[in-house]
Amino acid sequence: MMTLAEIRAFLDREFPQIVAEGRYTVEALRPRGARLRAAYHENQIRPGGTISGPTMMALADVSLYVTVLASIGPMALAVTTNLNINFLRRPAPRDLISDCRLLKLGNRLAVGEVSIFSEGEEEPVAHVTGTYSIPPR
Amino acid sequence: MMTLAEIRAFLDREFPQIVAEGRYTVEALRPRGARLRAAYHENQIRPGGTISGPTMMALADVSLYVTVLASIGPMALAVTTNLNINFLRRPAPRDLISDCRLLKLGNRLAVGEVSIFSEGEEEPVAHVTGTYSIPPR
Amino acid sequence: MMTLAEIRAFLDREFPQIVAEGRYTVEALRPRGARLRAAYHENQIRPGGTISGPTMMALADVSLYVTVLASIGPMALAVTTNLNINFLRRPAPRDLISDCRLLKLGNRLAVGEVSIFSEGEEEPVAHVTGTYSIPPR
Amino acid sequence: MMTLAEIRAFLDREFPQIVAEGRYTVEALRPRGARLRAAYHENQIRPGGTISGPTMMALADVSLYVTVLASIGPMALAVTTNLNINFLRRPAPRDLISDCRLLKLGNRLAVGEVSIFSEGEEEPVAHVTGTYSIPPR
């Protein structure tokens, strides 16, 4: 399994555009799990003062990717094959926190779930399940 | 919230075909959550000795229905609008146990997740999210 | 690709329990597509006179399986990994017709969609997407 | 139903940030359907030269929103409740085209599907189903 420092270095090197300016931060790693933060920016706002759906989908996708990567190592180029999101509550205009855990880590497929929260809230604003295809090694 | 005895009596009365012969049993209720058991029967088996996907989907659907009903009361006729299932591992030929919890209980929609296990196993065989539409009261 | 006669013979032999008594009939095959019928039976009925959700989920699962199998041949043991269903309208108490087409037929994954109709109706009662994992050959 | 000119004017006024610089263009409207274009930009690219998943999710979300809005009128503030995406093929580094159609337009919920293509290709790169909650009018 990769360490927090290793995964951060990997993202800095391979995905500079998504970690630039602190857009996403990996806050914690655990076996088969991770917690990430997506920094609030006013261009995420939609009419009514809520954060856009794609902002939450993107956070979920990054969270699943990071969790799979930390579990199988940085060589593999895993790709998302399915993502299902339920929007539960209107997020407040502040940082989003994701909590991801893998439900399955197989040879060919990894499946995980992600709960997304407005920072400081207990009830999730969205819930996601996603599948990653793992290439032959 | 309905009690375990109330929900069992309701299902016996309204859904005799699905609780007949112990096919489904509500084993436990908690706020916004429930645990059910689906009795194993050899007609659930598919080639390779595994339990069919529809058996697990049906258990998830009943579990969500029971959990919503126990939370909003028996008058409402909630209907499933969406169900998403990820099959994770091959279930053994024995009883299935479901663990359901609601992620949201709104005025119009309830959203929940269900983990399904082969009895006695720790890793889930399937994971489900579902949405129920709640009629105006 | 398998012919209609070949796929029917395969199902009779390998899945006698699901085609018994005309429960499911493969009515037509085309490249990457199939149309099936699920015979109405009163044990599919739920309160309010509608056909149960699991009846529709099971039809979708069989439809996807048949379409994948007809496309890749009977040796492979494909397994469902994900199924997502949206319930759109209340089905009438009569036969259900499914129309399935594959969106992708890869080496490792097949993805398809299924529209389900009450016989004789133009608007679908449910819409399904599903993924099958195809074992190495 | 809104006209193409009306929906474009509505988006310019209410969602300047998503139509700015031609990011999304509504190319065609039909009853219960729409075709949109997402302009290619190099910041959508991920390692391997493919367009990011969130770029496709965002296009699907906008496409569903536009199609629902064009069908029910601009007063209503519909919100996404569920979105399910299957990634089918690697998109080329060029514009994406979406084709959206509503499967159901009810009083409370609208359900639609979206196929997403790389411009000029016949096979979709992604397929999406989504649900919108329609507020009481």
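What to note about this one:
Letters A, B, C and D mark the chains as written, and numbering starts fresh at 1 in each.
Operating definition for what follows: a contact is a pair of C-beta atoms (placed from the backbone, for glycine too) under 8 Å apart; a residue touches a chain by one contact, two chains touch by 3 or more.
Here the structure is a predicted model, which is why all the values come from computation and not from measurement.
Farthest from chain D, judged by the mean position of CA atoms in each chain, is B. When the interfaces A-B and A-D are ranked by how many C-beta pairs touch across them, A-D comes first.
A straight line joining the Cα centres of chain B and chain D is 34 Å long. Centroid to centroid, with C-alpha atoms defining each point, chain A and chain B lie 28 Å apart. Rounded to a whole number, the gap between the C-alpha centres of chain A and chain D is 23 angstrom. Shared interface positions of chain B, defined as residues touching 2 or more other chains, are 81-82, 84, 86, 131.
Across the interface of their complex, chain A is touched by residues 84, 86, 88-89, 103-104, 111, 113, 123-124, 127, 129, 131 of chain B.
Considering their complex, residues 81-82, 84, 108-109, 131, 133 of chain B touch chain D. In the complex of the two chains, the chain D residues touching chain A come out as 14-15, 17, 43, 46-48, 53-54, 57-58, 61, 77, 79-87.
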